[in-house]
Structures are given as structure tokens and as C-alpha cells.
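You will see chain A twice below: alongside chain B first, and alongside chain C after that.
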Partner chain A sequence: MKSYKKTFALTAEFAILAAISMFFILPILWIIASALRPSGPLYTYANPLTLQTFFPVSITFDNFIHIFEHLQFGRALFNSLLVAGSTIVISVLICSMAGFGLAKFTFRGKNLFFIIVLITFMVPFESIVIPLFVLIRRLKIDNTYFALILPAAGNGLAIFLFRQFFSEVPTEILEAARIDGASWTRIYRKIILPLSIPAIVTVIVMVFMFQWNSLFWPLIATHSSRFEVVQVAIASHRATEDTSWANLFSSAIAGSMPPIFLFLFLQKYFVRGISGTGLKG
Partner chain B sequence: MRKAFLLGLLLLTTLLSAASLEVLWMGWPKDQVLPLIDEFKKQNPGIEVDIQLVPFGQLFQTIEVRLSSGDGTPDVYIVDGPNTASYAARGFLLPLDDHFSAGEKASWFSSSIAAGSYRGQFYSVPYGTSSAGLFFNKEIFEKYGVPLPEESLEARMTWDEVAELAKKLTIDTDNDGRPDIWGLVIEQIDRPYLLFPLAQSLGAEVLSPDGLSATGYITSPKFVEAATFYWRLFNEWKVSPQGVNDSAIAREYFGTGKAAMLLGNEWNIVRMLKYPAIRFGLSPFPIFAGGTAVTPTGSWHVGINSKTQKQELALKFVKYITGKEAVIQWYKANGVAPARPDVYDALPEVFQHPMWQMFLQEMQTTAVTRPLTPGYSQYELILREAFNAIHYGAEPKKTLEDAAKKIDRELSKYK
Partner chain C sequence: MFRSNKAGWFFILPAFVFLGLFKIVPIGVSVLESLRQTTYSGRSYFVGFENYVYLFFDDPAFWDSFWITLFYSLIVNPVIIIVALAMALLLNENHFFTKFFRTVFFLPTAISFAVVSVIWSVVLDPYYGLANSFLTLFGLPAQPFFASTAQALGCLVFLNVWRSAGYWMMYFIAGLQNIPDTLYQAADIDGASAWKKTWKITLPLLSRTFSFVLVANTAFNFLTFAPVYIITKGGPRGSTNLLMYESYKSAFVNLDMGRASAITTILLGIILVFSLFELKWTKAGFEY
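Our next item is the complex of A and B:
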């Protein structure tokens, strides 16, 4: 009797969850289905809603072939991966060191410095875009990969996450290592970094998403099609006079594959990383 | 070693950018734009064109940021006609009177030349122009026994007639309480471009003659009357769907038979080819009873950065891209109205079409360009917010008064 009740409760729970998840999944299914159909009107299969709306009858990859062969979408994917990858490497190094310093050292102006770090990720990007652009022009690195990578490498939120994470590492361990004669660089490399995998993974995902989704800055910082990134390539399929749904949907799907794979691959660390940054009792 | 490499890379990029012309362009579908650029390169071996296609949603911000750095790049950039005054007033555009003879300027419609001029000086070369009218789906009219509008300029309908038709043709086929066919869809639902002619047809002015104040203009009884009509479409008669803020979606409504009428642009003649099933007609842009006929016009222009270091090259490119051959190619790819009469003559098989003939007539007789003001982008943005609010049900008079105050505040800095 009891197990019968339990089964019923479980079934009901799943039914409700499935119904709710439909709202999130169906639009995505619709985009996938539209991308796999021959290019044409957007609403042909959407009204009335039938199974065909979400599952194409005849599947074609022509839209994908078109964006890769004729519209250099592969180049955009490569650029975004390169930019995101380099930013990750640099920012994990720099931000973890900064976070380490803020967590374990005492120096004059430390709190002021920390406040500045906090401010950097609270100021809306639009408000600093003109000075930032002037800066990269003066440095003569506009229209290069550096212009896309460097401004995102020093990430205030990442520094904050690392600092919170390192604060949890007992200072006694570091003191013991010092007494045994380890240099700070050695402690950083051999103790701090291996301990902070969850925080590193969190920062990797965060920085990756930030760079992968950036649209406005790449438009300003670079102007050659050689440097076109994924979001720019996707957005360029829309204009007031004409929108190519087939190109838009197929590039949106192709463009969301890398983050999905990255996230699936790293997700178990990601959740642990967030919960481990200073929120433990 | 690494330093040398970085230095080399820097040098390389500087060299590369020095050898090519930097063009900032609209993000039209790439497969339409790139063939034109390739053709230019073929005609001018040795000249590199570094073209950046900026999506429409980010275009104006990108231009603002790029120009404000003031270092001469991009060399050539696309200019929305009404922004000419704004860029020219701030010295971002190269004056072109010395570079285009009167004979050359005669290649374009004079209204397009006027739209590209500011205080008597020619600044931006017309790339396209535009017109609009009332498209209607013949099948829907016939199916519900409503006589078809006449497709001639003499039979221009009044807005009240259009509203009556729209009421008849807003139909809930499956009785779920929400119309499945809407009477009227407006292609650019909140853009002054398509909505000004309503007020102008009543005789309203949309901005002071000096282009610097809106109070008393967009708040005039005539303007408010037009805005109230617009409000009724969505809120009282409910013959137009709210929230269709994407022009591509508006076209989908019409193309797939979910709207009986579309107030839209000339490019729909070509856009509707995507929907082979639709049979449609074109009635001229409506007027208010007793009012004058006014149609919107204007489109993209091309400008040269006043600080460019490649002026000769930039001029060559601008003359090519706005020239007859390139515009013919552009029409074939994109379908927007050319701003050059000689293109219409060159493609009689296209432009003899009665719909094109009607648009051509409108462009030459009833077209009114958008107001010339150095603060056009702020002016348009605030008005769009106001129209958007009105279509969702905000009280027209109050909304316009608030908008006028905001606009005046923004424009006061140009006084």
C-alpha cells in the first residue's frame, strides 16, 4: 500500500516536471527542427502546432553546409574558441594569483584594492567602452586578437571567486610549508593550485561564457572579417529588410555546441565550485 | 624572442591595415554583400577592402564609438539617411560638394540628395531609397466576401476605410478568443518612419523647422489625433496584434496568411516571393479623410570619414558602390528601391511592374523625408519608446507630451 502511494507520488512529480520542462525544451526543439528543414518561411509549420512543428519530416543539412561553406562560419567558431581559450589561460593565472594575494597577504591598501576589484565587475560595460576603445587604439592593438582577449583577461568576478575560495584554505598549511622552506611561488604552484580545481573550473566556465557571448566589444575592437566571432556571425543574419531564418537558426545551433559540450564536461566541478566559495558553514 | 614575435605581429597588422580600405557596413546577409565587394576588388586589382558587416541592432552604437575615437577609421561607413545631419554637425563626414559634380549628383533622385545634405553641403551619397504602401492578401478578402481595394493612386483609401476593412477581416477561425487572421499588421510597428505619414497626412509637423524642439509638434492636436488612431488599432478595435516588434515577424504574418493587410515597404514585392502561395495586391499609403497624401521615404546612404587618410581610395569605392552597375546588382540581391533613376530604366522588366510604378509615383509626388536634426538618433529612440508604449495601451497625449519633454532636453545640447 505504502509503495503504491510512493509510486503515485513519484509519477505525479515527474509528470509535473515534464510539463514544466516542455516550456523550455519546445522552443529549442523548434529551432533545431527549423534549422534542419529546407530554408523557407518561419511559420509554415508553426500554425497550427503539430508534431511536425518540432520534428522535421525530411531532414537536410543544407543550411549548415551553407553557413560553413559560403559564410565562413567555421572561421568565426575558430576565432571564438581561440579568444575564449587564451582568455581562460591568462585569466586563470592572473586572477588566481590576485585572489591568492588578497586572501593570504596583508599589505597597505589591500581593502581599497579589493573594493576596486569589486567595482570593476559592477560597472556596466557600456559605460567604459569608449575609453577602453581609445586605450586599445593608443596601444595599437585594435583589430588584433589581443584586443579581444586582454580586456577580458583581468576579470573582477574571477578574482573575487578565487579570493573567497582561498580564504577557506587553512593558513596553517601555508605556514607549515613556509617553515619547511618552500617559496611562495612553490606554495602557489604545489599547494594552492591543486587545491583550487573547483574554483578554476568555475572561472573557466564563467570566462568562456563571457567571451563566447560577447557581441558589442568584438564589433568595436576589431573590424576585419578575419576576426569575426560567433555572436557577430549569428547576429549578422538579421537586418530590417530581410532576415534569413535558416542561416540564423543553423548558426545559432552550431554556435551553441561548444559551450554545451564544455559545460557537460565540466558540470560536476562547476556546481562544487560555486558551493565551495566561502559559503560553507 | 617572444617580444620580437609580438612586435612582428604588431607590425604586420599595422601594415595590413595600411594597405586596405576600411569599410563599416550594415549586416545585410553576407552572401548578398560580398559579391559586390569582390567585384570592386576585381575591377581594382591591388586595392584591399576590409569590410565589416555590423548587425543592425548594434550598428549605430558601433558607428558612434568608432567615430568618436577620431583617428580616421573606418574610411567609409554606411549612414542611415536621417543621421546625416548628426554626423555632419559633429564633423564626422567629409563634405562632398568638391568631389561630386552637379552632373554626377543628377544621377540620384533630388529628394535623396536633399536627405544626404546638411546646411547646403552634400555629405552622404544615396545608396537606396524607399517607399511604403498597403499590401493586401487577395485570398483573405475574397474568402470573406470583402471587395478588393483598387490598386491605383486615384483610389487611395482613407484610414477610416482601412479600419473598417480591418475590423471585418480580423477573424477568429477556431473560436479560441484570439484572432487567427489579423486585419492589419504594421511592418515597423514603432518606427517614426512608417508612422509619421499618418500625422503628416493630417497636416501635423513632426519637429520644429530648426530641428531642435518637439513640444508643440509631436504634441499638437493633429499629431495626437493620428497617435490615437494608432492606439485604437491595437487597443479599441484590436485589429492589429501587439508586440510584433520584429519586422521579419510582421512579414511572416502577412506572408503566411495571418494578416489581411500589411502596411509595409517596397521591398516586400521581393520578400513575398518567399511565400509562393500568397496572392497580394497593393493599395497606396492611406490618408485621413480630407488630409493630404504623404508617404515615407529615405534609406541608407554612404559617407566618408572626414579624417580618412585614404580619401582618393574612399571616393573611388563610394562612387563604385553607389554607381549604376553596383546598385543594379544590389537590387537583384536585396530588392530595396534604388535611389538612381537610371537603374529603373535599366531594368524595365522589373520596374514596369504596376506595384513598382505606384511606388515610383509616390516617391516623386508624395514622399516626405524624415526631419533633419543633429539629434536624430535620440529623437527617434524616444519616439519609438513612446509609440511602443502607445501600442501597448498607454494614453497617447500624455505619452507624447512626456516624450516631447525628453526630446527637447536631448536636443537642447545642439542649440
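Our next item is the complex of A and C:
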């Protein structure tokens, strides 16, 4: 009797979850199916609903080929990759250093730095985008790759993550290395960095997602098409008067591939980015 | 811990410079710029609080945007948190299907706000959208969605829930996993119902996660920009004209940096006030 009841509860739970998940799966399926159809009226199969709405009968990649051959989408992908990659390199370096400094040293001004990190936590990036633009224009780096890369390199969350990670490295190891005459930079390179691979992967995923998906800042910080990143390219396909749905969908899908693959393969690092920040229930 | 000013500063200095220059200085720039006005020739001069005085007393567009943002925020934040919490509670225990649904709900986190906006602008298209196909399939009348002043803001809320609930769900799941099993076992011995366990054990012990999610989510949602920029451009008739978009328009369409900076500064202030208030409230309401 009891197990019967349990099975029923589980089935009900499954049904609820399946119903909710339709909200996530169906729109995405529809967009993908539409992008794979020969470009014609996009909405042909939207109403009435048939199986064809979600699964295209004749599949073609013409829409994707078109955005790469005629709309420089490859350039946008390259720009996003360059920006995300450079940010990752700088970010991992400076944030792991800062995390190490905070985890293993006491020094004058530590509290001040800690407060700065906290403030960057409390003030989301989007809220300072407009003054940031005023600043980079004064620094004369607006409309350059630097404008896209540098402001995102310092990341309070990444610093916290590294600090958390490094504080679990036993201090005795470092003391032993010191006694053997190793310099701090050597200890950082030879002991700390190799130990922190999981934290580094987490930060890479975090920074990549942030940079790849950002729209507002690139929209403002650059204006020449040379620097157009993926999200701006996608948005521009929607902004024009006669939206070409084929272009819009295929660029949206192509532009979402890298983060989705990263997400599916490195999901546990996403979760670590969330649970590893010292946030306990 | 090692005591060394030199080594300590050596390691934090690069991050200190980057955070200082690109995160702290802009906050100052925002305040300073809001006290200045720029002419069309590009010269800028100090005007004191004139931008604020104008916003508060002579600028109905600002007030419309302000109230819409506040209203939007008061709806979207509770809805996201309730949905995220409900999903987390449904997916806390490990069944054969748990991992799959977690991935599905979490997936929108990997999709940019721009792409999410593209998806929902076509799904909610009033004439040919998928949403209306489903409504008519069930015999319900087709809806105008983003084309109607009454529904556009609601659609924006829905879009944000769709994108963000799964993300915050992961925080709640992380928090739930940290609650020791022994508490539930003890409650079982006392014969507590599942409902009672949720209210008396789970939710109170989730208070720190709850507090963090509330604060971070509120700040985030005050800054909603991409869907407004991509789908509605603030319309129809200003019904989705959130402050972030109003500020953007001010800066880059009307080239009024002073007004834009004043709005940004006010937004920063609002976020700060809300954060402090929420921190205080969650402590008062949840500490056992």
C-alpha cells in the first residue's frame, strides 16, 4: 500500500516536471527546426501545430552558410572568442594572485582591498556601464578590443572563489617550501597554480559565459563593425526594419553553440561556481 | 597566514588596479557626471544638482519609467524566487529523472539574454507565434503579448523568469544539499508531515541562501536591458520603458550624459537601499 502511494507521488512529480520542461524545450526546438528549414516564410509551420512544427522535413544548412558568407558572422564569432579568451587569461592570472594574497597573507591595507572586492560584488556590471563608457572615452580606448576586454578582467566573484580554494591548501606545505628557499612567485607558480586547476576551470567557465553573452557593454563601448561581437550581431538582425528571420535564428543558434556545449560538458563547474563561493545554507 | 606587506601587495596589486580603475572609479564618475552637463559641441560644465532637480520636478518621462521599473521589480523578483525555490524542492531528492530536469531548467543560463529575447519575441508573436498556436489549440483566444500595453510588461516578467529561475534554482539546490539529513530523520521519528518538514526545517535553514539570492536577483533585475532593447524599445507607449533603457536612450540617443548619469546614480542608490532593506528583512524573518 505504501509503495503504491509512493509510486503515485513520484509519477505526479514527474508529470509536473515534464510539463514545466515543455516551456523550455518546445521554443528551442521550434527555433532550431525553423533555422534548418529552407528560408521561406518562417511561420509556415507554426499554426496549426503539427509534428512538422518542431521537426523539419527537408533539412538545409543554407541559412547558416548565408550568415557566414554574407553577414560576416564568422568575424563576430572570432571577435567574441578573442575577447573572451583574452579576458580569461588576464582574469585567471590576476584573480588567482589576489585570491592567494587574501588567503595566505596578512598585510596593511588588506581590509581596504577586501571592501573593494565586496563593493564590486554589490554593484553589478550593468549598473556602471554608462560611467564606464565616459571613463574609457577619456582613456581613449573606446572602440578597441581593450575596451571590451579590460573592464571585465577584474572579477570579485573569481577572487572569492580562489581565496576559498587556497585557504584549504595547508600552510605547512608553503612553510616547508619557504624553508627550502623558494620565492613567493615560485611557490605561486609551482605549488598554488597546479593545485588550483578545478578553481581555474570554474573561473574560465564563469568569465567565458559573462563575456560571450554580454550585449549592453559591447553595444556601447564599440561602434565599428570590426569589433562587433556575437550578441551585438544577433541583436542587429532583430533591430533592422525588415527582420530576416532566417538570419536571426541561424545567428542566434550558431552564437549559442559554444556556451551550450561548454555548459553540457562542464556542468559541474557551473555548479561549483555557485556552491563554491562559501555560500552555505 | 604569513605576515608580509610586500608579498601581500605584490599578489593583490594587479587585481587592485583593475577593480579600482574599472569598478570603483566608474561609480565616482557616475556621481560626478551627474553633476555636469554636456553641450552638443562636447563641452561639459558643472551644474550642481540641476540634473536631479530637473528629473524630480520637470521630467514626467523619468517618473513614468521609475514607476514602471519599481512595479516590474516588485513582481519579477518574488515570481523568480518562488519558481526557483519550487523547482529546487521538486529536484532536491535523487530520482532517475532528477539530473535530466535539472539540466533542462538550468539550460537557459547558458543562453544569452539577447538570444532569449529573440526566442520569445517570435514565440510570443501576436500573429504567427507558437504561443498563440497553443492557445488556439486549447480553444483559447489569441493574445497580443508584446504588442499590448497591458501585457508587454507581463511578458517581460515571464521572459526573465524563464531565463533566470533555473540559475537561482541551482543556488537553492546547493543550499538544500547542505541541510543535514539527521534533522529530517529526527522529524520522521516525531511523525512530522512532509509539509511541516518543509516549513519548519527546510525553509528556515535555507535563509542564508534565500537572502543572497534575493539581494543578487533584485540588483540584477533592476538592470534589465537586453529584452527591452531587442524586443520592445520601451513600448508599446512606454509600458516597458525600464530605467536602464531610459538611461541608455538619454546617453546615446539624446546625447544627454548628465541626465543619463543622474539616472544611473539613482539606480545605484535604489539597488543599495533595496539590498540593505532585504538583508535586514531576511535576517529578521528567518533567523531561528
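Methods note: the second predicted complex is superposed on the first by the 228 of 281 C-alpha atoms of A that agree within 3 Å, B and C clash if a C-alpha of one lies under 4 Å from a C-alpha of the other, contacts with A are read in each partner's own complex, and residues count from 1 in each chain.
By our rule, contacts are C-beta pairs under 8 Å (C-beta built on N, C-alpha and C of every residue); 3 or more make two chains touch, one makes a residue touch a chain.
Just so it is clear, the model here is predicted, and its values are computed rather than measured.
**Q** Thinking of the overlay built on chain A, is A:Leu215 touched by chain B (first), by chain C (second), by both, or by neither?
**A** After superposition on chain A, A:Leu215 lies in contact with both partners, chain B and chain C.
**Q** Identify the partner contact of A:Asp180: answer first if only chain B is touched, second if only chain C is, both if each is, neither if none is.
**A** Neither partner.
**Q** Can A:Arg238 be said to touch chain B (first), chain C (second), both, or neither?
**A** A:Arg238: touches chain B and chain C.
**Q** Once the two complexes are aligned on chain A, which partner has more residues of chain A within touching range, chain B or chain C?
**A** The partner that reaches more residues of chain A in the superposed model: C.
**Q** Does the superposition put A:Ser225 against chain B (first), chain C (second), both, or neither?
**A** In the superposed model, A:Ser225 contacts chain B only, not chain C.
**Q** So, does A:Val134 touch the first partner chain B, the second partner chain C, both, or neither?
**A** Both partners.
**Q** Answer with first, second, both or neither: which of chain B and chain C does A:Glu172 touch in the superposed model?
**A** neither
**Q** In the overlaid three-chain picture, which partner chain does A:Asn247 touch, first (chain B) or second (chain C), both, or neither?
**A** So A:Asn247 only meets chain B here.
**Q** In the superposed arrangement, does A:Ile159 touch chain B (first), chain C (second), both or neither?
**A** second
**Q** Please report the chain A residues shared by its interface with chain B and its interface with chain C.
**A** In the superposed arrangement, which is not itself an observed complex, chain A uses residues 42-43, 47, 130, 133-134, 215-216, 219-220, 235, 238-239, 245 for both chain B and chain C.
**Q** Going by the contact rule at the top, pick out the chain B residues touching chain A in the complex.
**A** Going through chain B, the ones touching chain A are 9-10, 13-14, 17, 22, 24, 26-31, 50-58, 61-62, 65-66, 68-69, 71, 73-74, 180, 188, 246-249, 252-253, 255-256, 258, 265, 267, 271, 274-275, 334-336.
**Q** If we count contacts the way the header does, which residues on chain A are in touch with chain B in the complex?
**A** Spelled out, the residues of chain A in touch with chain B are 40-44, 47, 70-72, 129-130, 133-134, 137, 140-141, 143-144, 215-216, 219-220, 223-225, 232, 235-245, 247.
**Q** Mind listing the chain C positions that touch chain A in their complex?
**A** It is residues 1-12, 14-16, 18-27, 29-30, 33, 87, 90-91, 95, 97, 101, 103-115, 117-123, 125, 127-130, 132-134, 136-137, 162, 166, 170-171, 174-179, 205-206, 208-209, 212, 219-220, 222-223, 225-226, 229-231, 244, 247-248, 251-252, 257, 260-261, 264, 267-268, 271-272, 275 of chain C that touch chain A.
**Q** Looking at the complex, which residues from chain A come into contact with chain C?
**A** 10, 13-14, 16-17, 20-21, 23-28, 30-31, 42-43, 46-49, 53, 90, 93-95, 97-98, 100-102, 104-110, 113, 116-117, 119-120, 122-124, 126-128, 130-135, 150-151, 153-154, 156, 159, 171, 174, 184-185, 188, 209, 212-216, 219-220, 231, 234-235, 238-239, 245, 248-249, 252, 255-256, 259-260, 262-264, 267, 270-271, 274-275, 279-281
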